[in-house]
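Chain nomenclature is as follows: A, B, C, D, E and F, assigned in order of appearance, with residue numbering initiated at 1 for each chain independently.
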């Protein structure tokens, strides 16, 4: 996954507008635009880096000439104390952009760091950790990018690029069979059909209706285990993908992974990832 | 603090566009637009509510006729299990708006809940907990609103509505005295001047230059204590406001508060507030 | 498929701005805003209707009180002379909106009428006519909606909601197998993988790599026929979808359909659909 | 007529957003961004070229370094097989921009090709073929530009840069005389006044009111002939421009032209111009 | 001329955003949203009213329920002390909108008042006062509307709805004749051609090229007088419009008008119209 | 104060769109894009320059290669006849941008020139001339910048970066004391509190409530004099800032300044500053 450059600049521009408004009055009043400085991003804890390109875009949006010199790459695991990147330019630009750049880098690296923990928790199994739509509103693409470089995989990006039939859809449509039929008739042939099943009967309906992906939500490890077996035995050699979700934490993710599910989706990758601690040290330069 | 209605609707509209894109294909395919339902927001943990009006705006942006019936108000502390609000309308609208509404309500209530803990931690002192600019990019106003209903107070909203002279500004300007003089000359008379001081000499300069607010950053409780006394003794009866920040947690905030500082700013109110757990239960209705 | 109301109004608003600019100077100069009239859309040829809701939005964007009374519904086949819909309101509003409303209704009905011909051409077979991305820039959703009510089905809506590996992708990736593997690794599990094959070897690779959809581009009826058979025999009971495209016209579409392909995609549904002839007769009303 | 560069880039940017959405997932997954290629636009039929600058803008919007090398110029008539232009750059950029570039080039060249036929149909007369406002919504400027390079001329660009009093305006104003008087009083002196006349009486009123342009709509060749004579005889040496419109096709346009009208407006130049066939051949390059 | 409602609301919305930014902190802090008040616009000097609808839109943009009760109409001449309009609603809304509403009403009425003086200065002649493009950037339509209700007429609204060939165009094109020929060939037939002439030779060329409007710029009254006569004698009964401009003030406008020119354009109507004095008196109401 | 470059370009772009619309048809028709010229801005009266960077942005928005060579700097006082700046480029660009550039430069220099007069009027006193929010809607930042280079100072930029409690706020809050208390509780600690007082009692309340700034509105010189003395005697050595406003003109500003007030705010700096006279002379160049 690559972040679209136009997307990054549009986002960053709106974030700068939010923070700077009519102008950084302190810096404009106190700092001559001719004063140069060097800013260094330093990891203050162990973390997985994500968002260097976004941090650079913050400063480049204020002064297009600024470029970040990165010493690590997105997805890299670094230890506390590591210098992540350096940027030189007018001190006023570094000061005005500092907060937005840090807010983004700390958030994105926070998501990547959180994701890495979950990904490591299932190493050695065939399962993948995937994200959800429980992202921060407005940051969907940045959050999903951070999950990817953190070692996770992406679920659908929005309601328009994946069909996921949930309990309420099923109830309103009048059953799994009816819901899948409607979805198949009314969507393009390019999309798989994923359906959430709550019990054995629904699972059977889903298999008979040739669902492509089965979501097992809020089930115990045992229940997931049995369902996976049932699907293998009754899936007629079709490549059915099985996803588990709900109440899965770092404590139990390995157990779920060993059931043979393909995907384990975890909302906590994005809805509750704490920001990691990164500082931005500005050192005035002699150059004026 | 009240949230501006236009702001809410502009934000919500962009968040819906991010999530729904070309259309909620599952719901459009499976759910008849004539099917009605009732959705209920339920607290799944103890929490402080924030963002009910924002959650309502999500659904109202899809169908202007929908209205939330709230059983609690923003700022209220509720126990797990409590029904927070209810909304009736087309099932398709509830399903398409559910995720964005929850993402916002869980985030905002998460910030309010976090803030309430800090606010309680200093009850009985004269200090106030204040937020920082370490908010989620794009959510500045929502985050700051949630802090307020959580029991905290707001620091400046952006770089344009407050003067805060930090270490780098001081270094570049050539000292506290010079920096304050420049800020006073180049800004409107409506703004106070806050300055960060790192030691006694800088504090003396700040007092002599008649700074309005003194920021004591990353100091021990003892150091803050001494500084507060020094300011009282040397402040010439001016109403100097003192703010402490840096490494202040729930564990030590009470100690800092007892030093007599007026404000304690805490980045964790917003940069690392975990989302609280709220569910949205949709029940189909007989009405068609 | 339903058209999103916000999308319709955003599009219509930009089209009105394009046409009206600083104001309809003729109407503003000549027609009193107090003069009422009734406008009637009349079919001047046999056609399939599409876009009534869009036409209504044109007038409602100028005066929110205006409503179209429709006598037919989208997708209906009507004969020349039929009154499609009627709208009453200020004559100035009808005159200023007339051209944009007609341009849209004639275009959309043109696409629906064209599509209906192709759909009828394969009646009795199991094949479906599907559209392409050869739509008018800016009108993608309107064009695809018109295809749907015309009796066709939709292919992917954009480059982001479907994976279609074409000849150039294959060449660059180093073969069908490699391309499918990369696509599977780097996309969400919600998307099927469609691949274009040019010969038997590529077809075999596609089947072995478990492609979900096979595109047979620019093949003769005979070649398609053989490929369909081969896929059935070697598809291991997987539900492989087969699409034919390229040089398929009203003359030969039935032959292609009888080969057993599932989908026949036709660019001409949208890239060359002539506008149908619809008039808008305005009759001044006595009411002033 | 020159196309405004900002207009082109704004249009192209919105068209790319429509087609690419969250990203070209096939190309991003399968094609390394380091892979280079050369793309060639080839005419697959005889046509008049229009839109090369627009096609270039599509690729330049994705990667500002890309430039089209054109072998023909807009307005040139080329034979099937001719290479129109070539562009080199990252294969991923060529693949992601291909469809939008082709959709635009095929549409614009389609309009130019259609216009050229009409223009040739009246060669040797003093009449000009002019377009109408029956353009594709959103493409007004591109359509009108294509008409121009195709050999036609432009009628007004919108409702705000020309006064055209039609039958309904006349009916509501209470006659030709009243309508012209109102238009003259309420518009700037920079605009001519064109009025549609349906019969001899209206024509006389128009001449007496000193209309600048007379529109003869839906008249037979004979009726146009007589009207033109009448205008010449009664126009008092004023330079009255006469326009004919309605039911004019390639079959009869020459007859109309020979009546001595100045302008013949033809909606079919834009509302029903079929896209011409142009292909884009991408050849991978060794450069990596 | 009527102001387009969408234009008004878009303008007003951006002006409110400029003034209110993140919120009217004084009013939000001090005034309960439940407090009602009545605001009255009072003329503090003799003036011509313009912009009541715009002033209403300011308040309606904050609270859609608010409506202005106007006691005068745009274009009316009122004496100092006159109550122009009254509006009731939440005191907070009146306070937050007051400044923007006044700024607009005072500006627009200033332009109308200024224009009325010039219009009166030529009463009894056949000349009209017309505006120029010397309007306040961003307020073009409001300024031109105010000129119209003030008793003046509008020149072109922008560079795209009128052809005015000035001295530099002539110099570059190689003479009046060449410039007019180019303009006639390259523009639509709906536009008249106005040309600035500096001397008798250019005037002769303009007449021979059948220019529709002649601009006499920066000429003395005598020179204008002679030119008008020359045009009448040599204009071959064509309805040539003559415009004078440059250094025309209230002192000499009558003299210019008596030369028989049709139009006198005056930049001062808009570029230097002082704001008139209007106050907004807010009286708290008992209703809460 | 520096103008933000993004702000300038956004403003200029919308102003150009307003003026140019679909295209400068005269210039496009008459002037070859290959023709070069040099344009020179000349002062036609004595004035204080403001807005050179904005004028440059007008041309650079049409052609990014154009740069202004300035011979003076913003804030400089120049005599009639002085060449302010020069710009070379395509004649078509100079012609299309001329009017917007002049409108802005004349407006901004008009404000600066007006401000300089007031600033000179109080030279030798300790008072400062400050602006108000009576700026042209949409030009707030440009107007305030012009005030600054003209020698004045800025009051708050909007309703969100300063607290100013006026008569109506006081009336609704129930007195000066109550209003100040509410403002202090509900706003950030970074903002001073300014309050308007109408009499001695309110002044006493304001002092007791520790208002930071006192506004004396519409008072005679004598009344201001007495109030200033009273504040000095009763202000407890706090640095209370005193502002006078209302009916202050060039005739009496010196008297007000000598009362010892700190600030004198004058709406006329911006609401009624006449545009100064600057011309733009374009000379064709031999270079083609």
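Convention: a contact is a pair of C-beta atoms (placed from the backbone, for glycine too) under 8 Å apart; a residue touches a chain by one contact, two chains touch by 3 or more.
A quick note: this is a predicted structure, and the numbers were derived from the prediction, not measured.
Peer 1: Among the other chains, which touch subunit C and subunit D together?
Peer 2: A, B, E, F
Peer 1: So how far apart, in whole Å, are subunit E and subunit F when each is placed at the average of its C-alpha atoms?
Peer 2: One centre to the other, that is 23 Å.
Peer 1: Distance between subunit D and subunit E based on Cα centroids, please, to the nearest Å.
Peer 2: Averaging C-alpha atoms per chain gives centres 34 Å apart.
Peer 1: If you average the CA atoms of subunit B and of subunit E, how far apart do the two points sit, in angstrom?
Peer 2: 46
Peer 1: Express in whole angstrom the distance between the two chain centres, defined as the mean CA positions of subunit C and subunit F.
Peer 2: 54
Peer 1: Mind pulling the subunit D residues that touch 2 or more other chains?
Peer 2: 1, 21-23, 28, 157-158, 160-164, 186, 191
Peer 1: Just say which it is for the chain contacts: an open line, a closed ring, a star, complete, or other.
Peer 2: If you draw each chain as a dot and join those that touch, every dot ends up joined to every other.
Peer 1: Going by the contact rule at the top, pick out the subunit F residues touching subunit E in the complex.
Peer 2: Those in contact with subunit E are residues 11, 14-15, 18-32, 35, 37, 91, 95-96, 99-100, 102-104, 106-107, 110, 133-140, 157-166, 168-169, 171-173, 179, 182-183, 185-187, 191, 271-272, 274-275, 282, 284.
Peer 1: Residues of subunit D touching subunit F in their complex?
Peer 2: Going by the criterion above, the answer is residues 1-2, 4, 141, 157-158, 161.
Peer 1: Can you check the complex and tell me which residues of subunit B touch subunit D?
Peer 2: 21-22
Peer 1: Touching residues of subunit C toward subunit A in the complex: what are they?
Peer 2: Result: residues 1, 130, 153-157, 160-164, 186, 188-192, 194, 210, 212-213, 236-239, 241, 243, 262-263 of subunit C touch subunit A.
Peer 1: Using the touch definition from the top, list the residues of subunit E that touch subunit B in their complex.
Peer 2: Those residues of subunit E that touch subunit B are 13, 22-23, 28, 33.
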